[in-house]
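Letters A, B, C and D name the chains as they come in the text, with residue numbers starting at 1 for each one.
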Amino acid sequence: MEDVILFLFFAAFTVGCAVNLVLQKHPISSALSLVGVMGALGLIYLQLGGEFIAMAQLIVYAGAIMVLFIFVIMLLNAGVEKGKTRNLWVKYAGLPLLVALIGLIAYIVQNVLPRGPGVNFGAFQHGNAYEIGIKLFETYLLPFEVTSVLILVAIVGAIVLAQKEIK
Amino acid sequence: MNFFVLSLIKAAVVAFVLMTTLAYLQWIERKVIAHIQLRVGPRRVGPHGLLQPLADVIKLLTKEDMLPSHVNKIFYFLAPFIAVFFALIAISVIPFGTEISIGPIKTAMQLADLNIGVLFILGLSGMGVYGVALAGWASNNKYALLGGLRSSAQMISYELPMAMAIAAPLLMLNTLSFRQLVDAQAGYYFGFVPRWTIFQGPFPQIFSFLLFLVAAFAETNRVPFDLPEAENELVAGFHTEYSSMKFASFFMAEYANMVTVSCVATLLFLGGWHPIFPAEYGSKFVPTVIFLIGGLISIYHGLNPARAFDRITLPIAGIVFIAVGAAFLIPIVATILLPLFWFAAKAGVILFLYIWVRGTMPRFRYDQLMRFAWTFMFPIAVVNLFVTGLLVALT
Amino acid sequence: MPQIPTSVPLSWYLILSAILFALGVAGFLFRRNIITVFMSIELMLNGVNLSFITFSYKQGQNDGHIYSFFVMVVAAAEAAVGLAIILTVFKNRQTLEIDEVSSLKN
Amino acid sequence: MQTSTETLSASQQLWLIPIFPLLGFLLNGLFGRRLPKPAVSAIACGSVLLSFVWVLKTLSALGVFSGTLENTYVEHGFTWIQSGALNISIDFAVDRLTAVMLMVVTGVGLLIHVYSIGYMAHEGGYYRFFAYLNLFMFFMLVLVLGANFLLLFVGWEGVGLCSYLLIGFYFLEKFATDAGNKAFIVNRIGDYGFSLAVFLIAAHFGSLDFGKVFSQVKGMPVESSPGWITAICLLLLVGATGKSAQIPLYVWLPDAMAGPTPVSALIHAATMVTAGVYMIARSSPLFLHSAFALNIVALVGIATAFFAATIGLLQNDIKKVFAYSTVSQLGYMFVGLGAGAFSAGIFHLMTHAFFKALLFLGAGSVIHALSGEQDLRQMGGLRSKIPITFVTLMCAGVAIAGVPPFSGFHSKDAILGAAYQYAPWIYWAGVVTAGMTAFYVFRALFLCFFGEYRGSVGKHHHDDHGHGDDHGHSGIHESPAVMWMPLAILAVLSLVGGYINIPKFLEPMFPLAEDSGNEWTAYVSVAFGVGGIALAFLFYVVAPSIPGALERAFRPLYTLVYNKYFVDEFYGATVVHPTVDGSRTLLWRGADVRLIDGAVNGIGKTARAVGGILRLAQSGYIRDYAAWVVVGSLVLIVAMAFMGGAR
């Protein structure tokens, strides 16, 4: 009961923010609504039992990545979009395509997914930091290390790209 | 009793206590700094200016709330709320004491005992950036924008050392729930050295503690890291364009952050509500003695007063003090109050450190600030974390 | 009016993630500001993450959490590089209009 | 004996032994540039000293000195490679063979480190030298301690690398770098064989641990042992010939003398070049199952010993003489191994480490005294000027010449005795070689220390190539104490070292051959040795005119031998130039330019033509591409939905 209400609330919030992201003309509004999406998603993760991943969502996505976005938007002082889109057919074909996409996925999910017990808060116990850590550092150790290297590369690349040209 | 009702009551209590603390924290700050600078500080409103906070609140409430032109209204209004929201919600995972039982009800002195409380705090401190950044951006003022940019950059930069400094004791205590953290710090070495994290083997976390403190100063935009509101460079930083209650909410957010950070430091490093020396050496009489002394002093001042109505106020205060001190002797009350006392004492010490530093230190230059974060604190934090992990792994 | 189920069906989560993904696609297609387009990509990633978590709930294992964790980390790296690229583009062309950046034409 | 059962419950922390030099390397390599020279030398020698002490502690704890260490003591580090059935882990093992090697490597290594302090005092790249030296110690110890073939191989390659770095230490002279490259490339050939052998072992035994492999081998019947064991042994032998400078891969060692003299002493006389011997002795169970391979080992050994000795007769560079002598002595060891007397080979390895290191260090002291002069024709009459060096070198001489009762006599006798039982002709060849050895060593010594001084150092400032920069002060001078103390210690060792009865000590691992009654073998070899000394005395002290006469008499032979049988030229003509030219003409101009480039360009042209058509679809608008992606994915979803996806 409470689960359903909570879920519907957060889902509505998420979708609202997402739509806002798409519709808002100003990048910073979009960025803020994306933050909203992420926060609500984090709460939904909590409901699904993913404590750790919810916090990671909060820290990594909302706390770090989006701040970076907002930072860049502020730096470039990006204003509202102006002018109309050039290739019109995207504009007109896009919405039907979108609806088709959602409808299809919903249809498939409804039909394919075997009927199982629904989600109740606290039913899933494997999402705590301990078990995630065990999984991460035993089963998925190699991917983890590879990811760290990837991040290192990304840092270097970002610095190289963003630095002023040394004349 | 119903969970919701209980939580509501607890929330109300915590909120009230927190608000009062914030208000009087600011009064204490003004007093302390005044005495550091050989002034007397506020003393007009009420005895020793004790009613100053109230006056300030009234002033801020009744001030004209002006809306500058060309601001982005939504975010201009949103920013203070974001700031204060994330600042206040952080307190909800802080445990103030052990389990207590009043009559039939048995509950913890804590709003929510998440078993990822530490991560929660980290996440919120990350979110806190938005308030400042948005305020700076939305209020369409170059000083405000610079302040916002600065503060967000500063917060992001100091987030890393802070997170690492937090991670080190977690490695040793091996939990993410504040309550278990504190429980893991119970007991004493050789009977008298407390097993707090800063004393605990295999690697006493003194470095982490210092790193955490410094990073916390930066996170809360306090002196010497209060670049975002460097008056002499950017008029008032990110809240240049804010007035009345919105300004007050930024103010409140800053102080709430201070309180949160001090509580977190207490829980992580100073053993939470565990007394500084064991009870068999009579630690349970410490609060009594302290309050007694306080009460006697104020009574003494009341007997030969500086001002007329000190004759009335100070003895009353003294009586109250002594009464509180006496309350600590009642066993049932003591079980509830002692942990609170120790917790508050430790957190208070750190808060006093904040004020002390503010009264003492000059402000950094911005480049110095950044260099300090990235070339000094970050490496040390990494090394500290590495050594801790190594020692924990070896033992 | 159908009475509310006591527990949330899994499919709802999946549909939510589908909606998020589709909205991300839409953003990618409709918006002309490079940064917004980029954010739409992040939105898609979030949708995918949600389905990861949901499936891992269904399976009773936390592997899905690991995957979405990796997705986050990679997204962080991607954001760093991508935003750096955007900065450079802006430095060279003084525009964030995605259609101004069409030197790949023919 | 090779069973991997732990003899002791208490861990001996074997990993500390190699770690110390590694730390020294890291310290010196990273910060050495800023450290003062005393600090650098302290770090370098201190690390080696530490590992030496630790070796002593470990061995005594394992009861090596009390002789109670029976079976291998294995210490598991951590799993390194875990793929399928193959499980390779970082294990260190100590048995008696390892014990001997450990003592030799760390002991002699320590002495040479100390010596280097004085020798390199005036050199550039001081810290670099010691860093490399420590790194070499690390890899050598890994090689010796490793409990499986792969770890052995790691050490093997590592010492190869360090040898390359140290040969090319004076990287400003071209010939030094060339010599380094030569050593490296020639070793590659051997390493190739070794790696193939390792693959074969892994394939056939399913493991690389010495314990597992050898216990399996012991299970097999000696007669009717499969052919692949022989193949493994031969490939191992290829590796050994590369590392231990045997025919046909010995050519790199003489050139390796371009490095500083302590390097020649440590790497190219005492330790690294004996790695091949150690490796063959280590895999003795394999070799015992393949008589053919043992034959080859003996043949290679005796041939190398003989030819290298003949070449050594006429060399004029003092270091070259000793280099060829090293090759020849290594040949001796191989003879011992081939004759099945592995313990004798190891015995000779140890004694050789003593006196050959001493010879090189003494030579270095001479060179040091003469400010870099290496040519024997520029020396002479130095015995009064550098007496300590003279005495110590003489000790080394009598030791290597096999004069009883000094160390060389015992080991050489052990080998030759085994050789006689194995095949008399090998014994005779060996005896002749012994004579020649005595001859050329004492020829060098007499030319250096007796007669008139023919050099120019001290008369006027002299700067030789080779070990080029002068030592800051001209004039002939005895070396400082830090240099001659190691000489003295090594001299004592090479005099009495023969009484350390290695064959007895190693008996649990390598059963002794029953003692052949014939004592005369020893007498004959001694006679040849003394004869060689006498001949040298006659030629180069009494009547210095004879050599010239002989040279004129046997001009062609002389030229042949003097030019080392033109082996380098032969290799150059047959291997190197054909390879280079072939690759240049055939591969590059032919294959690369014509075939590959042609193909690539062709593909490129086609791709461009096709792309020309596809290009029309490229609007350049990112969102168009995105739209295409969406359409594609929609199609996919529809397909999934109606092809069973939705049922």
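By our rule, contacts are C-beta pairs under 8 Å (C-beta built on N, C-alpha and C of every residue); 3 or more make two chains touch, one makes a residue touch a chain.
This one's a predicted model, so the numbers in the text were calculated from it and none came from an experiment.
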item: Between C-D and A-C, the pair joined by more C-beta contacts; value: A-C
item: Distance from chain D to chain B - Cα centre to Cα centre, in angstrom; value: 67
item: Interchain centroid distance [CA atoms averaged], chain B/chain C, Å; value: 37
item: Centre-to-centre distance between chain C and chain A (centres being mean Cα positions), rounded to whole Å; value: 5
item: Separation of chain C from chain D, taking each centre as the mean of its C-alpha atoms, in whole Å; value: 60
item: For chain C, residues contacting two or more additional chains; value: 25, 29, 32, 99
item: Residue list for chain D, restricted to those that touch at least two other chains; value: 619, 621, 623, 627, 630
item: Shared-contact residues (touching 2 or more other chains) in chain B; value: none
item: Contacting chain pairs - touch in the sense defined above; value: A-B, A-C, A-D, C-D
item: Interfacial residue positions of chain C with respect to chain A in the complex; value: 4-16, 18-27, 29-33, 35-36, 38-40, 42-43, 46, 49-50, 53-54, 56-58, 60-63, 65-66, 68-70, 72-81, 83-88, 90, 96-97, 99
item: Chain D residues within the chain A interface of the complex; value: 619, 621, 623-624, 627, 630-631, 633-634, 637-638, 640-641, 645-647
item: In the complex, chain A residues that touch chain D; value: 86-87, 90, 93-94, 97, 100-101, 104-105, 107-108, 111-112
item: Contacting residues of chain A [partner chain C, same complex]; value: 1, 3-5, 7, 11, 14-15, 18-19, 21-22, 27, 30-31, 34, 37-38, 41, 44-45, 47-50, 52-53, 56-57, 60-61, 64-65, 68-69, 72-73, 75-76, 78, 81, 83, 85-86, 90-91, 94-95, 98, 101-102, 105-106, 109-110, 113, 116-120, 123-124, 126-127, 131-132, 135-136, 139-140, 143, 147, 150-151, 153-155, 157-159, 161-162
item: Residues of chain B touching chain A in the complex; value: 72, 74-75, 78, 114-116, 119-120, 122-127, 129-130, 133-134, 136-137, 145, 148-149, 152-153, 156, 159, 176
